[in-house]
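You will see chain A twice below: alongside chain B first, and alongside chain C after that.
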Partner chain A sequence: MISIPAIGTLAANTMREAIRSKVLYTLLFFAVLLIGTGVLLSTLTYVEGERILQSVGLAAIRLFGAAIAIFIGIGLIHREVERRTIYTILSKPISRGEFLLGKYLGLVATIWLQVLVMGLAFAAVSLLAGAPLGIGHAQALGLAAIELAVVVAFSTLFSSFTTPMLAALFTTGLYALGHLSRDLRDLGSHSDVETVRLVASGLHRVLPDLESFNLTTQALHALPVPGSEVVFAGLYGVGYSAILLVLAVLIFERRDFK
Partner chain B sequence: MSWGRRWIFRGAGIALLVAGTAFARTQLPERPATESGDLFVPQPEVARLASLGYRNLVSDYYWLQALQVVGGSAQNPSAHAPLIGRLIDVVTTLDPWVDHPYRFAALWMTDSAESVRKADALLDRGIEHHPDEWRNFFYQGFNRFFYLDEDERAADSLEAATRLPGSPAYLPRLVAKLRAGEGGLDASAAMLEELVRESDDPYARAEYEKALDEIETERRARTLDAARDEFRRRHGRDIVRVEELAEGPDAVLESLPPELHGFEWVLSPEDGRIVSSWYGARYEPLFHASARTEREQMLRGGAAGSSRTESR
Partner chain C sequence: MSVSREEIVRVEGLVKEFRTGMGIRRKRALDGISFRVLEGEIFGFVGPNGAGKTTTLKILMGLIFATSGRASVLGHDVGETEFRRRVGFLPENPYFYEFLTGREILRFYAKLSGVAKPEIERRVETLLDWVGLAHAADARLRTYSKGMLQRVGIAQALVHDPSVVFLDEPMSGLDPIGRKEIRDLILRLHAEGKTVFMNTHILSDVELLCDRVAIIVKGAIRYEGRIEEFLGVDERSTDVVLSRVDPGLAAALEERFGAIGGRGELVEVRVAEKEVRELLDRALGAGANVVSVTPHRASLESIFLSAVAEAGARDRSPGR
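Right after this comes the complex of A and B.
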C-alpha cells in the first residue's frame, strides 16, 4: 500500500533540497538571459523579429529545462547514498518505491516551478516586444513541462542503479534519441530490408517520442493544434514516465547499498 | 614581500595579460565569415536531424546568416545566390511555415537561370505552406517573366495571385497582357512598382527602385529613338550628336527629355544607340543594363541547366 503523505513529505524535502542547488540557479539565470537575448537577436532581422524572439525563448525554456532535469536528476539517489541519509530514511516505515516516487515528484515539481519562472520571463519579454501570445504558447509550454517530466523519469531510472556520470550520459543520449525516434522510423521505412524496417519501427515504439511534446512550430506560427493531440500527448508522457518509474522501482528494490 | 606589494604585482600581471590579449585581438583581420568562406551550410536533412527538436532555433540561425550574407555584400548580393539558396533551403526545410524567407530567396537568387529556378522551387514550397499568400505567387510570376522570359508560366502564377485576398486590382490586366504576349516595359514597371510598395526589405526596395529608374530612362530613350527616326526622315541623314534633335529651326523636339540623374544623352560608341551616359547601355526587358553580359551568360547557363534537368 502506497503512503501518499510519506511520498508528499519526501517530495517536499526533495524540492527544498533542489531549490538550494547552485546549479539550478545558474541554469535558470542563463535560461532567463537567453530569453532576454532573443530581443537582441530579433533586431538582426527586418521581418519576423517577434517570431525569432519567441523561437529563442521557447528553445531556451526547453533546453535549460532539460539541462536542469538531467543535472539535478542524476544525483537524486547518489547524494542520499553518499551522505548515508538513505539509511535513515529507509529505516523509517517507508518503502523504496515510495522513496523513489517522492524523489521523482519533488524534482518534477521543482522543474515545473522553473518552467513557470521561465514561462513568465518569456511572457514578459514577448509582451514588452509586442509579440503575440496565445493558447498555442500555453500548449507548447504545457507539453514542454510534460517532456521534462519524462526526462526526469529517465534520470531517476538511471540514477537508481548507476553513477551520476553514467546517468547523465544515458539520459542525454535518450533525450537526443527521443527527438530522433520519428526520423529513425522514417529512415527505416525507406529500407528494402524487412528486418531493418521492423527494427526501426520497433525502436520508434520503445524509445520515447519526445517530438510529440514539441509544439514550438505550431505556437510560433499560430497553427491550429487539436485539443485531442495535446491531451493524448499528455497522457503518453504520464504513461511513459510511469513505466520508467516502475522499472526504476523494480531495480531500486533490488539494489544493495553496502 | 608585503601583502600590498604582492597584490600590486598580481594586478599589474593581470592588466598586462588583458592588454596583451586585447592587442592581439585588434591585430586580427575583421573579415566577414561569408567572405572567408567559413560559413558551413549543412544539407537540409542533416540539419533537421542534428537540430534535435530545436528546428526553429536552428532555422532562425541560418535565416540570420542569410541576412548577414546579403547585408555584408551590399554591392552585389546576388553574387552569393548559391550560398543564399543553400541557406534558405535549410531555413525552410527546418521550418517550412516561415513566410518572408521564400520571397527573400526569390529576390536575391537572380544571378543565373539555375538560381532563379531554385528560388522558384523554394517559392513552390512556400506556396504549399502558405496557399493564401498572394505575394509568393506574385514573386514567382515576376521572376518567371523578368528573368526566365517565361510569360505563360508567369501569367499562371499571377493568375493564381489574382484569386487571393489582398492582391492588387491591376493584376488581372497584367495577366491578360502577358497572355497576349504584350509584356514589355509596362508589365515590368507595374510589377516593380508593386514590389516597391509591398517590400519590407530596404535593400530589396532599393534594387526595385533602381530597376524602375532604368525603365523610366528607357521610356525617355525610346522617345528619343522615335525623334531620331523623324530626324532621319526629314534630313536624310542620321544625327551626330543627340542634341541635334532639339537644335535648329527644324528641330524634331522642343527640348531633350531630361536624363534622370542629371547626366546627358549620348550615342553609344558600341552600337550607336541613344543611351544615358549614367547607364552607358540600353535597358532590355529581361536584362539589367549594367550586367548585360552576365545576363547573357545566365541565359546560356539556363539553357544548359534545362537540358541537364531534362536529362535527369
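Right after this comes the complex of A and C.
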C-alpha cells in the first residue's frame, strides 16, 4: 500500500530544497527579466506590439520552465545516490517507488509554483502595457505547466539510472524531439513509401507530442479552444508522465546502491 | 533453565557478487555467510576494511540485493519495508540534506518513520538533547562538523524509538569524549532492551560493549560466538614483574616457569593463572620485591589478527 503522508513529506522536502537553492532564483530572475523586456520589444514596432509582448512572455515561461525542469530534474535522484542521502531515507518504512514519486511530485510542485510566479509577472506586464488577457492565456499557461510535468518525468527517469550529464542530454534531446514529433508525422504522411509513413506515425506515438501543450498562437490571437481539447491534452500529459514514472520505478527498484 | 530469545536478525548462506570490468567479471564480496542476532544483545560485526561488513549491512537495510541466500530482520524478509518502523540505521560517514537545520532534519526523519504527529516535537527535542546537539539545533547542517553529523546520524536512527538499531562504524569521526558518549548511549539502548548490531573495526569498543561477535574476513565468517568464548576465560595468564632478584632465584624461576624477561633490574615472568601463588611465594621467600601483577588474557585483537592471517594462508595454499 502506498503511504501518502510519506510521499507528501518527501515532496515537501524536495520543494524546500529547491526553494532554498540559489540556482532557482537566478533562473526565475532571468525569466521575469525576459518577460519584462517584452515591453521594450513591443515599443520597437507600430503594429501588434501587445502580441509581441505576450509572445515573448509566454515563450519565456515555457523555455525557462523547461530549463528549470531539466536543470534540477537531472540531478534529482542521482544526487541522492551520489551523496548517499538515500541510505538513511530508504532505511525508513519507505518503498523505492514512494521515494521516486515523492521526489517527482515535489519538483513538479516547485516548477508549477515558478510557472505561477512567471504567470503573475506576465499578467502584470500585459496589464501595464494594456494587452488583453483572457481564458486563452490561462489555458496556455495550464498546458505549459502540464508539459513541464512531462519534462520532469523524463528527467526523473533518466536521473534514476544515469549521470546528470547524460540525463541532461537525453532530456534535452527528447524535449526537442517532442516539439518536432508532430511535424515528423505530418512529413511522413506525405511520403509515397508505406514504411516511412508507418515509422513516422510510430515515432509520433512513442515520442511525446509536446506541441499538443502549446496554445500560444490560440492565446495570442484569441482563437477559441474547445474545452475537450484542453482536457484531452491534460490527460495525455498525465498519462505519459505516469508511464515514464512506472518505467523509472521499475529500473530504480532493481538498483544496488553501492 | 535458559530463556529462549527471539531471533532479531537471521542470515543464511548469503552470497553477494558485484559485476566488475564492464559487467563481465564477477567479484564475490560475501561468500555464503550465516549468523544470527538475538533479542536484546549488542552484536559486534567485526572485520578489516573490505571484509564485507558494510555489504552485509546494506543487504539488511534493503539498499543492495543478495545474489543468493536469505536475510531477515524481525522475522521479515529484508525486501519488505513496513517492518522498518522498528529499525534504526546509522550508515558509515552519514550524509544529510545540508540545506536543513538539525531540528528540521530530525522532524523529516520522524515523519518518514511514521512517528505520530503530536509525538514528533517531543521526540526531536529528546534526541537533540541525547546526542548533545540542542545548542546547534537551528543551524544549517552545512555548518556542522563531521562529529556533529555523526551525532545527527545517531539521532535520526533513534528518532522513532526503534527496537533494533544497526550502526555502521558508530565511533567514526568522533573525538575521545564523543566516543565515550556514544558508548554510553549504546549501553543505554541495551539497558532499554533494544538490540544493537554494530559494524566496527575498533576492537576495544567490541570488547567493552558487545555480548556476541562475528568476525568476517574476505567475505566469510571466521568466528561467531559470545565474547567470553573468544577470549578463552580458562586460559588466562599473568605477567609478574619482580625486582631485587638474585641470579640463583632467576635461574630457579626460569627452570620452573620457562623463559623470563628482564628490563634493567626488573625481571618479568609470565605464568598460568593457577601458578601465580606459587611464583609469588618463591619470589618473596627469596627476598625479591613484587613490582606488579598483571592478569593477561588473549585479546580480541590477537584472535582477530590470527583470523586474518588464517584467511590469508588459506588463499595462498595450493589448490586454491
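Operating definition for what follows: the second predicted complex is superposed on the first by the 258 of 258 C-alpha atoms of A that agree within 3 Å, B and C clash if a C-alpha of one lies under 4 Å from a C-alpha of the other, contacts with A are read in each partner's own complex, and residues count from 1 in each chain.
Operating definition for what follows: a residue touches a chain if its C-beta (ideal position, glycine included) is under 8 Å from a C-beta of that chain, and two chains touch if they have at least 3 such contacts.
Only a predicted model underlies this, so the values are computations on that prediction, with no experimental measurement involved.
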Exercise for the section: Return fit or clash for chain B versus chain C, each positioned on chain A through the superposition. Expected result: fit
Practice task
Check whether A:56 is in contact with chain B, with chain C, with both or with neither, and answer first, second, both or neither.
Solution key: first
Fill in the blank from the handout: With chain A at the apex, the angle to the CA centres of chain B and chain C, rounded to a multiple of 10 degrees, reads 150
Handout entry: Touched partner set for A:220, first chain B, second chain C, both or neither
Key = first
Exercise for the section: Once the structures are superposed on A, label A:130 by its partner contacts, choosing first (chain B), second (chain C), both or neither. Expected result: neither
Exercise for the section: May I ask you to decide whether A:93 touches chain B, chain C, both, or neither, giving the answer as first, second, both or neither? Expected result: second
Exercise for the section: With both complexes overlaid on chain A, what's the closest CA-to-CA approach of chain B to chain C, in Å? Expected result: 30
Problem - Complex interface listing, chain C residues touching chain A - result: 18, 58, 61-65, 81-85, 87-89, 91, 93-97, 99-100, 108-109, 111-114, 153, 156-157, 160, 166
Completion exercise
In their shared complex, chain B is touched by residues of chain A numbered 41, 44-48, 51-52, 55-56, 58-59, 62-63, 176, 179-180, 183, 210-211, 214, 216-217, 220-221, 223
Completion exercise
Per the touch rule above, chain B residues touching chain A in the complex are 48-49, 52-57, 59-60, 63-64, 67-68, 95, 97-100, 200-202
Completion exercise
In the complex, chain A touches chain C at residues 3, 5-6, 9-10, 13, 16-17, 20-21, 83-95, 254, 256-258
